[in-house]
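Each of the two complexes below includes chain A, the first together with chain B, the second together with chain C.
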Partner chain A sequence: MRRKLIWLSIVVPATLYLVFFFNEGLKAFGWWELSSAEMPVDSWRSEVAKSPELYDQLTTFGRWTYCLEEVETTIGRAIPVLIVLALGLGIINLFSVHGANLIKRKSGWGYSAIVFLSFAVVAGALMYQYRAIDHEQRQVHIDSAAAVAKLAKANEVEDETKRDGALAAITDEEWEQIHACQAYDDAYRFEPWRFYNNYINFPLQSTVMGLLGFYITYAAYRAFRIRTLEATVMMVSAAVVLLGNDALGVWLTHEKLMKVADFDNTVLNSGMQRGLLLGIQVAVIVACLRMYLGYERGIVDAGQERE
Partner chain B sequence: MRPIDFVQRLQNIDRRLIYVVVAIVLGIPCVVKFSLPIFADRYSRKTFEVIDRITRDPVEKEKVVLVLSNWGPASEGENGPQLQYVLQHLLRRGVRFMLCSTGDAVPWAVADAYLEKAIVAEKQRAYQLGEPIPEFVYGVDYLKLGFNFCTVFEPVAKTLVLDTRSFYAKDIVLRKELTDENFPLLEHFHGVEDLALVYVVSHTEDARIICGTAKRQVPELLVATAVTGITANDMYPYVKSGQLCGLLNSSRGASEYKSLLEPGDVRTNARDNSQSLGKLLLLVLVVLGNLAYLLTRRAERAGTLRPLPLHSKPMSDLPKTALRMLGYSFAAFYLGTIGLELYNDISSHTVPRHRVARADDDENKVYPAHERMNREDLLAEQEAQLDDTEVARRAQVRADAGYALLIEGRIGEFVAALMTIGILAFLLGENKLYRVTEAIMVGAAMAYTVFDNVNKQLVPRWIQPIVEGTQRDGNHWNVLWALLLIPGVLWYFVYSKKYRWLNQLVVAMFVGLVVGPEFGNRLGQLVPQIVDCVQPIWPIWPFAADGALGWRHFEHFTFLVIMILSLTYFIFFLRPKTKAGKGVITAGRLAMMIGFGVMFANTVNTRLAWLSPRISYLLDDWLGKLFAS
Partner chain C sequence: MIRAWMMPVVVWVSLMAAPVVCEAAGAAEAGSAVAHPGNRAAVRYTVYFVGLGLIVGGVLFAIRMARRGMSLPVRDIAGLTVFDEAVARATEMGRPSLFTCGGTCEMRRIQLFASMPLLRHVASISGRLGNRLMVPVGFPETLPVHANAMRDGYLEADAIEEFRSDDVRFFPGGQFFFAMGAMGWMLREKPATCFYFGHWEADSLLFAETGQAIGAMQIAGTDQLYQIPFFVASCDYAVIGEEFWAASAKVSQDPQLLGSIGAQDLYKLTVLVLIINGVCLCFFQRFTGWFEWIRTCLK
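Moving on, here comes the complex of A and B:
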């Protein structure tokens, strides 16, 4: 019973997307007319959403398609919400692992304390940002949005006389709103969100990945050996692209390698990649089909094995 | 020591020595300034031409560009400039655009930061050229749609492009519904037919999925992408088949795009040079390693090689005393730099910054990279930038804000330098500085991810609609969004032994959400790829000019040969026994190796592009401002 439920959890959403796909095909081939009235080809759905009278003018197939596409959009909006709802798992895991370290005074418990401390500091700073700064900033911009847009539109007018007319149409009250918004934007305020991102988050994350630059250089030095014909071809191809697609390499080789590297990238590499891709695309379709038909038991059985 | 013993040891050199050499070489361009000409490759040129055509065509200009930015700080060295230069291009020519992301809060934060950078860069450019400083109005010239956190992109890619308004529902700045009344920009965008271009900046293959889903339904949709070097390998066939109308490969692609955007500035900067030197170093090291290998092998065969002494083993950890001494030296140096900075700032009442080019700059004169600014300098700068009517009202406030921002930035740079060095310390092996930095990163990242996603995603896009639905004049159907709590709660049954299978249900549902769209997505990608293979190849003439018919046919023929040879390698069920058959298989293997060589080169591009900004940050932003100004 549980296995069937798990399998159904795969099959139901997958089937829904297959129905979307086939319906899209029917629509594209124009097998059935969507509507008896003239509507924009691509944004017809938003037009129908705006006026219910247009819905009545849809054919049966049009109504079916409308509902299906609404469902697809709703699923698209629901997925991010479901993913964010899972973030609590991260907090639980973090607290359980580092909390245990801290309580049992395991080796390196000091680092766990730092984890909690940095969590608390960033959480507090972000709460301050949301409550004190973002809220106020949003309010100022909402209050002045219409006036600022009016000014921007007036400034867009190319004809000078008309532009002056449009500017004159801005009332004193609207000017006040514009000036209030400008004054708010001009003034300095410390924003923890910006500071954390620019000076802590971005440097930390980019440096972690930057370490790979050291590793790849060392790995190439230690392991890239010309032992066979294949290794030689690979190295020559790599050297051509490294030098030919680089300003210093182009300068060193007097621009001779540039076109060869371009050819290597866009023709030779492209041909090989398409060869690989054709195989991969077919393999993915087959793998999906296996999962859909229930031949791939790994996911379905995983929960049962744990029990 | 005999020369051959030295050569043998060269092969077992300590990794830390190589790391030091890499760091020094990458840092050279920050100290020794030079620049080289940039030549744009055909795909960078193509990308620029497509976007430039949109900015010049009055009909296309009335449409909107959708910019999807799905990358994090890790690939900032590549994706950052790719996003910034295209945004500058759009801002400069007055093309409206919407910026969005399907990553979590972090990719959105970097996208937002780079949009601000692009706006500042355009204002500085106008200042430098002596033109009026442009004002870019939110909601009129550009719109920030924010992010919808989708770890699975396949089921949302189509909706994102074909139904953007419904997918994002609200903007991220004002949190207002995406209607024409709220945002004048949206008067120009009602559906996919109003999209002039979808420009995808990503560290993965999101553009490919958009080709397989949205473009499948709207074939005339233009999709261009900018990706990391590693991902670019897979993207080339999609440009050839016309599914993608442009491709920027790595930071190189970004620099080439900039050279086309700024024809007067077609030379490399310090970061480009740093990567170039890194690549050259890598090639030199590979050649050295191979020479050592060949000589050692010859000596081994001749029997003249001695076994390596035990102490020459690489990878041994540094002695604790040495590590401690390094730590103390770094602490002393870091505190010294803080002291020096404080002394400089307080004694002169100035703060350093990167020098801003001015309209009256002498072209023949070389100016220092940094300058020190006080309040009066900043006030004069603001007075020059503002209209006469605005000077009295805004100049002083903006100058004060600018001064405060410089101080904040300088404090931040010291913090960022400490974080950067803390992570780089891992190259020495496990040590306390690294462990502390790692702990800070884990705790802070967790808090940021949870709080920012809840505040910017869950509250406006889920909780608020439900609350509005419960109100008398609200849309009552919105209350149904609360049903998501049921699958949402199922995630947490992973901690229950008895009901763990309930967690499997929601995991399986996500598998289904990927499996279902994959059929269409893969077919949508595959069919144009196959169709593109069928093209005329006659007359074929490899010596024709680049771009001429004969040359194009030659390229396509070569492309087909390589593709077929690559495919033959995978025919495992039929192993040929004749010489000709074996030759084909060998040729197939060699064709694959050519591709793998290119993949390796592009991977090196990526890794060095990620590392060089960190080195230049330390030398240029942190120390450069301290010593050079």
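Moving on, here comes the complex of A and C:
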């Protein structure tokens, strides 16, 4: 049963994607067209959604395409619901596991206390942000939405005289609303989420990313030691590319090295990369096919020994 | 009666016919009453359909042939033949092994599913040799997938008692926070062998250099072009590009899977012939203009 469920969870979405793929292809041949009217390719679906009469004019293939894309949209809408359900389950699980640890004073119960503390701090900060800032911000934006839209529309007018006329039509009250909205957006206020991102998250990520600079130097040092033929080729290639893109190297060799470096990058390197990509793309299709047909071990047959 | 040697001939003839079919589709579209912007798309999709049909047909044919005991030979991949040796080394040193798919290998990455048979294989060897296997995970939804594959590996080796669910450890927060947590774990536990298979991005070198620093034997595999040089420079064995996708078939030694790899190689050989053919045809086109003649006939 478990095996069948896992296999179905792979096969059903894969089949849907295949159908969508073939459908896109058939659409390209123009088979979706209306039987008695023409319609732009991009907006036909929204046009049909607005008018039931247009649906009646669709060809059989057009109706099939329309229904299929509706199914896709419906599935897309179901995904956030599943995510929210999973999140709820996760929170319940977190509380039950760590709550039991705390109550029974199991070893490491201090970490469970930290989990509850962190949860409370984050939830409190986000609730504060939602009530005190996001709510207020939404209200300011709602109040000034009409005036801001009017200003944007006036600015879109190409003819200068007409544009001035459109701008002059904006009343003082509307200008006040626009300025109030801009002033609100520009003013600094403590927002927990933005504070976490700008002053904790990004600096930490940048620090780890910065480590890469040192690591690349170490790795390059090891790779460029001339011990084998491959390392020698790598070293020569790296030297040519580095010097060919460096002002001193270009000046010393009268741009000849630059041309060699360009040849290395655009012909030799690109050829190798395209060769690899070709192999990878074919291999991905074959691997997906193996999974789809259930030949791949370790995925479809997971847990069968326990049945 | 279908013969194995007919396969490349059929593929070659079909691919040679593809440009003519595309031209026909394009000409029919251009001549239709409704001028359609999908004219070029029709040509593109014709190529997609023909190519996909050929590759799927080729793989199914190869699997069928393999079932009858006629599979194509697949060469050995150095990085995949040393799995036993690598885990045995860790066992002898009394240190654990580590297997990770990277900080960006989330559920929607197909590389995750390609790596799970390898994790199962490594877990099976670890179970057989009595070695501890550490598996850092970066996404909560992939944790049960990893745990399942690992448990199945230990089950395969009849060593389920060796399986410790705590060794599949979740490090939250995204790519670099996962890397920080997992690197710290590596520095504390000092695994003697590290396997890096999956979808890798900027964290590849962070892991590989940490592994170097603790003196671990490292085997890595990815299909990400920009990470391959890092693995080549820092790891003992690198399984690159398509080899990564053939890895699960190679470690399982299942003739049907190996047959599909053979078909894949045959397809690439055909594409290679086609590229050379295309270069020659373009060369002759400059002198004879034969393609223009076909186009005129079709119109």
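Throughout what follows, the second predicted complex is superposed on the first by the 204 of 307 C-alpha atoms of A that agree within 3 Å, B and C clash if a C-alpha of one lies under 4 Å from a C-alpha of the other, contacts with A are read in each partner's own complex, and residues count from 1 in each chain.
By definition in this document, a contact is a pair of C-beta atoms (placed from the backbone, for glycine too) under 8 Å apart; a residue touches a chain by one contact, two chains touch by 3 or more.
Bear in mind that the values here come from a model prediction, so they are computed numbers and not experimental data.
S.K.: In the superposed arrangement, which partner chain does A:143 touch: chain B (first), chain C (second), both, or neither?
M.R.: Touch status of A:143: no partner.
S.K.: In the superposed arrangement, which partner chain does A:92 touch: chain B (first), chain C (second), both, or neither?
M.R.: Once the two structures are laid over each other on A, A:92 reaches chain B alone.
S.K.: With the two structures laid over each other on chain A, which partner does A:198 touch: chain B (first), chain C (second), both, or neither?
M.R.: So A:198 only meets chain B here.
S.K.: Just to be sure I read the superposition right, which of the two partners does A:218 touch: chain B = first, chain C = second, or both, or neither?
M.R.: Both partners, chain B and chain C.
S.K.: Once chain A of both complexes is superposed, is A:9 in touch with chain B (first), chain C (second), both, or neither?
M.R.: The answer is first: A:9 touches chain B but not chain C.
S.K.: May I ask you to decide whether A:174 touches chain B, chain C, both, or neither, giving the answer as first, second, both or neither?
M.R.: Neither partner.
S.K.: Touching A:209 in the superposition: chain B (first), chain C (second), both, neither?
M.R.: Touch status of A:209: both partners.
S.K.: Output check: A:295 vs chain B and chain C. Expected answer is one of first, second, both, neither. What do you get?
M.R.: A:295 sits against chain C, while chain B stays out of touch.
S.K.: On chain A, which partner touches more residues: chain B or chain C?
M.R.: The partner making contact with more of chain A's residues is B.
S.K.: So, does A:276 touch the first partner chain B, the second partner chain C, both, or neither?
M.R.: both
S.K.: Return the residues of chain A at which the contacts from chain B and from chain C coincide.
M.R.: In chain A, residues 24, 28, 41, 86, 90, 204-205, 208-209, 211-212, 215-216, 218, 220, 222, 273, 276-279, 282, 284-285, 288-289, 291, 299, 302-303, 306 are touched by chain B and also by chain C.
S.K.: How about chain A: which of its residues touch chain C in the complex?
M.R.: Within the complex, chain A touches chain C at residues 22, 24-30, 33, 38, 41, 86, 90, 204-205, 208-209, 211-212, 215-216, 218-220, 222-223, 273, 276-280, 282-291, 295-299, 302-303, 305-306.
S.K.: Inside the complex, what are the residues of chain C that reach chain A?
M.R.: 25, 29, 32, 34, 36-38, 41-42, 44-45, 48-49, 52, 55-56, 59, 63, 110, 113-114, 116-121, 140-141, 148-149, 152, 155-156, 174, 176-177, 179-180, 202, 205-206, 208-209, 212, 223, 225, 228, 230, 232-234, 240-242, 244-246, 248-249, 252, 254, 256-257, 260-261, 263-264, 267-268, 271
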